[in-house]
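The data blocks that follow each hold one structure.
Below, chain A partners chain B and then partners chain C, in two separate complexes.
Up next is the complex of A and B:
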């Protein structure tokens, strides 16, 4: 490949940084186009990049694809650029178990953590029973991961894959809830992820992007 | 293949029927194991089938895989049994656009429609602002699909794929909200999906399963 991928991103949301992290891990050249939230749900972004009006999205000039949904982007990146399968598997059942955990991140962790953040931080009124509902759902996600990680270092097989990496950008929020230490196998896994140089650098750049108002 | 796949399912939830529908479309032999909700979030189901304690899940004795998360199961089924790519694409960018819409169904439609159903039907108290929030999110999903379908018959390329089929089992709920006709391209697409013999048969069997108390 020769030309850098454009990553449409935003400083605060966890999802663009999930894709950012995989781009770093695979040493894929990319440049970030910072989007204002106000510009996402209108033209030209909706027609030219994402009808869903959300980030992340990418445009890859090498293959001429425009793609949104972080899980689909990550699948595209490993299929196209991870030729040695450093972050995934090519054999069954491992490759499908990677997909299973990626889908759990997309449909379980992301939406529930997102709703928890909404009712705890952004909703127009305090709704204790809604806050409680999503606090319980966040704990359930920890419980599922903790249970799956008993006696294991990574979610699938013996290496860190996109399945593991996809969870880490949402976990910062959950750590603020102070409950991660109740799930020791989850916690140790999260610490292994956070210790990776790519994650360290991503977290630092995320902080800088937010400080810069992106 | 020789032996039927076991589909762990339940009568009421939309997600198991998503997998059921793809098994039908691909003429894959399968047998349904009906699960009680009470048995999902405990042993042996959590350790033997799904640590997430939810359905759908499958066991395929032909490849000896056990898998959960409806999106991952569907990806497995087409990769393993849809050799003529009847319901998907093998070329780029179409195959990634199928993945993109499947992920939107998993992370957008499913969770938001599910939260709407929760606050409208099951939550322990009436919370008008929470109900309103998810009603707006359901409308947003219709808006995105309606916009993407302008001038098109199916979401990706010129044929019905797993991307289209994955949305149909949740749409029954949304139809009850009486808003689908406000999104004419979405509505026409949904009518095309519902007219398929496999969808007709699935909806009939879902009704029978619920009547039988599954």
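Up next is the complex of A and C:
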């Protein structure tokens, strides 16, 4: 592999940073192209890169593939570049369980945490029943993960995989929700993830990117 | 042949003979019928257990052992090592089924091809985008304990935006399907949601290419057979019902959905 992958990213959103983290973990050369909200609607991004007009998306000049949706990109990266299966499994049923938790992150954690953040942090009008709804959904995700992690260090098998790593960028909001007391196994797992040097660096770079207005 | 290798061969045959041994745990929802349609399209035999959400069966310990998330669909099978495997998350189940059983690539593409990764993008687009957002539209439009116009509009508009993305993409498709020249698990994943557009407050006539795709999908024998699992698929018939009948359906659904939410909140 020689040429760097282009990662289309944004400072604030948690999803591009999921992909950023996997690129770091696997030591894959990449360049970040910062997209602001107006760029997402500009051609050729929407017609050639991401038909959904969202980030993350990648272009890999080594295979000449363009991909969007963070979960699909992560699966591509490990299939193409993780030859020693450092972040995944080639054995079954482990590889299917990695996929199962990645899908749970994509359809369960991301959308609901996103809606919770919207009604709690960004939306001007106070809508208690909507806030309550998404607060309950977020707690439910903690509950499911906490239970799944009882007596375990990582979600699948004995090592940290893309399934674990995919949750960490949305978890920033969890710190304020009393998770240490109510979801101790989830909390300990989150601490293990945050302690990884790659996660530390990613979080620092994310902060810097936001400060730089990306 | 040595007796040892004969035994190995026989045991392999026995293992082969017991696969597939698929058991689908499901109910009549857009996420549930994705799996029965996938199974029908692949022509695989499977057993079905209906999970009665109105009775909170999905929260019973035996089911949580299969799916710790307490949601449908879930699936068990005998794995290639002869042991049982449990899977949840509809997208992950679809990926498992085609990887294990779609050796002729009827509804998938070979791993590592461009089309394989494109299928994955659209599959995640449905599971992380259309499904959750249209689900929120259903909540605010049909089931919420109080009517919040902002919530109704927010999610109906986001669903319309996502349908617009699908419509634009399908306008350019020469096969009429999302990826390449055939129907894939990405199309199947979308169908149950798009077929239920009206229930979520979205007018499918705004999206002609998507509407044509929805009808083309429904004409497939596998879709027709798989959509009626575990009960008849009635959401499209509801569109023709009177406002009173619709209201009744809404109230019935609302009762068990709010009950389930209250049970979740106690944790």
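Methods note: the second predicted complex is superposed on the first by the 206 of 214 C-alpha atoms of A that agree within 3 Å, B and C clash if a C-alpha of one lies under 4 Å from a C-alpha of the other, contacts with A are read in each partner's own complex, and residues count from 1 in each chain.
Following the convention adopted for this analysis, a residue touches a chain if its C-beta (ideal position, glycine included) is under 8 Å from a C-beta of that chain, and two chains touch if they have at least 3 such contacts.
Bear in mind the structure is a predicted one, so any value in this text is a computation, not a measurement.
The superposition on chain A brings chain B into a clash with chain C. When the shared chain is aligned, chain B and chain C each come close enough to touch A:148. Judged by the touch definition given at the top, the superposed model places A:12 against neither chain B nor chain C. In the superposition on chain A, contact is made by A:100 with both chain B and chain C. Applying the stated contact rule after C-alpha superposition, one finds that A:200 touches neither chain B nor chain C. Within the superposed three-chain model, A:191 lies out of touch with both chain B and chain C [touch as defined at top]. In the superposition on chain A, A:136 makes contact with chain C only, not with chain B.
Taken together, the two complexes place residues 51-53, 65, 67-72, 75-76, 79, 92-93, 96-97, 99-104, 106-108, 110-112, 115, 123, 125, 127, 129-130, 133, 144, 147-148 of chain A in contact with chain B and also with chain C.
Against chain A, the residues of chain C that register as touching in their complex are 68-70, 79-81, 85, 87-92, 95-96, 111-112, 114, 117, 120-125, 127-129, 131-133, 136, 139, 144-146, 148, 150-151, 162, 165, 168-169, 261, 264-265, 267.
Within the complex formed with chain A, the chain B residues making contact are 46, 51-53, 63-65, 67-72, 75-76, 79-80, 92-93, 96-97, 99-104, 106-108, 110-112, 115, 118-119, 123-125, 127, 129-130, 133, 144, 147-148. By the touch criterion given at the top, residues 51-53, 65, 67-72, 75-76, 79, 92-93, 96-97, 99-104, 106-108, 110-112, 115, 123, 125, 127, 129-130, 133, 136, 139-140, 143-144, 147-148 of chain A touch chain C in their complex.
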